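In the two complexes below, chain A is the common chain; its partner is chain B in one and chain C in the other.
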Partner chain A sequence: MNRLATGAIALLAVAVSNMASAAGSVMGSVGIDGTVADRCVFTSTNVVLNIGEMINTSGPSGSIGLLDPSRVNSQTAVLSGLCNGTSATMSVRAFPMLNTSFAATPPSGFSKRVDFTATAQVQTNSGVVSVSNDTVSAAASVPQTVGVFANDIDVSFSNAAAVNNALLIAGSYEGSVVVTLSPST
Partner chain B sequence: MKNPKLFLLVVLSALAAGMAAGAAGSNVSRSVTIDGNVTNLCVLGSPNPSSVDLGVLAVTSGNSAGHLQTIANQSVQLPSSFCNYADTALTVDASALLASDTTSVQSGFTRAVNFTATVSKWATPDAAVTTAADANGVNPHAANAGGVQGAPELTDLTLTLSNFTAPGNGFLVAGSYRGSVTVTIGPALE
Partner chain C sequence: MSMKFAITAGVFAGALAMLTGAALAADATGSVSVTGFVNGKCTVQPPSEGNNFSGTIPLGALDGTNGHISSTLTGSTISGASLSFTVVCNSSAPSITLSATQMGDSVAAPTGYTSAVDYTARLDLAETTGSEAFTYATAGSPPATAGALANPLSGGTNNVTVSVNSLNTDGGANTSILTAGNYGSAAGGTGGIISVTIAP
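Entry: the complex of A and B
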């Protein structure tokens, strides 16, 4: 009689202890992995600079009709962009100002082309990064590393000159500067 | 039931693998366009010499004394004259030499000396005009346009004064004589 009662009690005790473990807190860890791709983005639109009259129309007789370089060299434009990768680069390609209405070969003493150098400059965590390209070069500038940045990109002009410093043929002129951000090499 | 913790780990690992397979972004560019213009412009070089001194106009002795002597051609340069656009032309406007004494002359005399002014090296034909003042100096002006230059042009212009004549080959009245030439450059007239 007593033995039966004892066994029954023992089983109950075991069952109770199991339920107690199931009701307590259990810790585990879940790993979450993700990646962010290298990207560059411009946050500004294209810029159009209208510089107006390009030649000297008064002053010393020897300068009338010639390019006033300051009309180009004084120009600036601001783009803005960002890159999120440490190997991001920036390059620039400059295209000369060409007369858009005079298609023929310029007569002796005249030019229909203005060359210049364009420089794109941006402040990054590593300092100022500057990249330049002149319109005479056949290719764009060598890309320079800008890394992770989100900032204004200042575009400036210099060394403007008509071919052979000749008289410029009348008409409209247009040139351009293309700034490229590359997320990774 | 499966161990719920184990099941959750498997699902998250699959998601992570999918993100790692995404590619880097592409190059992006922006342009700065620079537009300008060059206005139509013509410039005449400063005349060299700026004035022409013919000296003594009349023959001083012999059978032709008192009549206009033979006067050599005179040349004036207008260096580095140009127009930076096409379809331009020169106009030359000449005024006969007239004596400062404006009194009407007697028959057989003259107070005018006519000449031809030609500006060359701009276009074909040259801009040329001959004055036709009468002995009293009436109607001293004459003007003419040259040919059309169909392209921008830069050149050293030459103004030539030639063919000096006295109306009726009359005797020249005494005194100083003065004439002028005006050269104009600009769009060719229709």
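Entry: the complex of A and C
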């Protein structure tokens, strides 16, 4: 009986050995993956608008020395940006033009501040998105969804006015508009 | 073996994803700066050609009953001898100059007579706080009076007043008889011009 068993085992071992050598190639696979973060970028440099003399220097009596609103309201600027996330948003914050040469409190009848409203507008795949902010507001505009886009953002100005429509004190004035693109988080 | 390899690859991929996620996307901001200026400027209101104001203060008869300068004109104030103007200045401390010329009638004055009348010109300016006054006496033709206001010029109307007072002759002695004629260039004589400059 033992001879039978031994012989049987030997036959099995040979059978197994033959099967292994017939397999040949070994297959393996490598998977790669990556991510693209939600991102927004401005592709243009910051813009500086120099509007020159800001007051009426001629015209009807009573208007001389007062702000000429058209000096501000006629201004436009173009920023270029892009966002790659479907939930990206845009907001805008406007900061008043302040006299950088005169630090004291303006006397009665005079002002050293010019307020205005700034509007940022961009054409997206879903249509035109527009956000506005005035310089009196304490915070930026409510963000609006712009989604995936790569386009020019037009910045315009309106409602320019000196505080209490007073005479503007002589000097240099500076204000700003900040447009923020926020990617999906 | 292949399974072991698969597990290793899966772990590696997960690590890569974690590294990428760690680079959080931040807000992007673009800015538009708006700059401008307001030049210092003083402007007559209503606007006039040359940005000038002008007028004539008529003093009437300069002599009294004794032929000397009238005592009604020698005091520090003369009723009605003033003119007011409106000037808008947008600077915080406008500068002022004031001068005036002696009045004459172009008549050669013999001994005991005079054709020259001196006076004091006065400039009163209303400011945003209070007011200031500048004076100039024509006797001796001194340099112009100059100075800067302590406060901005008031934005109201008639904030600049020019007046005349203290007419005199003979260095204040008032001893000569005035020759007959029209005194001051506005009347056909000579002088009698008060010059005011208000600069931002």
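The working rule: the second predicted complex is superposed on the first by the 151 of 185 C-alpha atoms of A that agree within 3 Å, B and C clash if a C-alpha of one lies under 4 Å from a C-alpha of the other, contacts with A are read in each partner's own complex, and residues count from 1 in each chain.
In this text, a contact is a pair of C-beta atoms (placed from the backbone, for glycine too) under 8 Å apart; a residue touches a chain by one contact, two chains touch by 3 or more.
From a predicted model like this one, the values you see are computed outputs, not experimental measurements.
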Fit or clash - chain C, chain B, common chain A: clash
Contacts of A:33 with chain B and chain C, given as first, second, both or neither: both
Touched partner set for A:58, first chain B, second chain C, both or neither: second
Touched partner set for A:164, first chain B, second chain C, both or neither: neither
Partner chain in contact with A:126 - chain B first, chain C second, else both or neither: neither
Residues of chain A contacting chain B in one complex and chain C in the other: 26, 28, 30-35, 37-42, 44, 46-55, 57, 61, 64-65, 71-72, 75, 77, 79, 81, 85, 97, 99, 104, 107-110, 118, 155, 157, 167-184
Touching residues on chain A, where the partner in the complex is chain C: 26-35, 37-42, 44, 46-55, 57-59, 61-62, 64-65, 71-72, 75, 77, 79, 81, 85, 97, 99, 102, 104, 107-110, 118, 153, 155, 157, 166-185
Contact footprint of chain A on chain B as seen in their complex: 5, 8-9, 12-13, 15-17, 19-20, 22-41, 43, 45-46, 82, 84-85, 151-154
In the complex, chain C residues that touch chain A: 1-2, 5-6, 9-10, 13, 16-17, 20-21, 23-41, 43, 45-47, 88, 90-92, 128-129, 151-152, 154-156, 200
Chain B partner contacts - residues on chain A that touch it in the complex: 26, 28, 30-35, 37-42, 44-55, 57, 61, 64-65, 71-72, 75, 77, 79, 81, 85, 97, 99, 104, 106-110, 118, 155, 157, 167-184
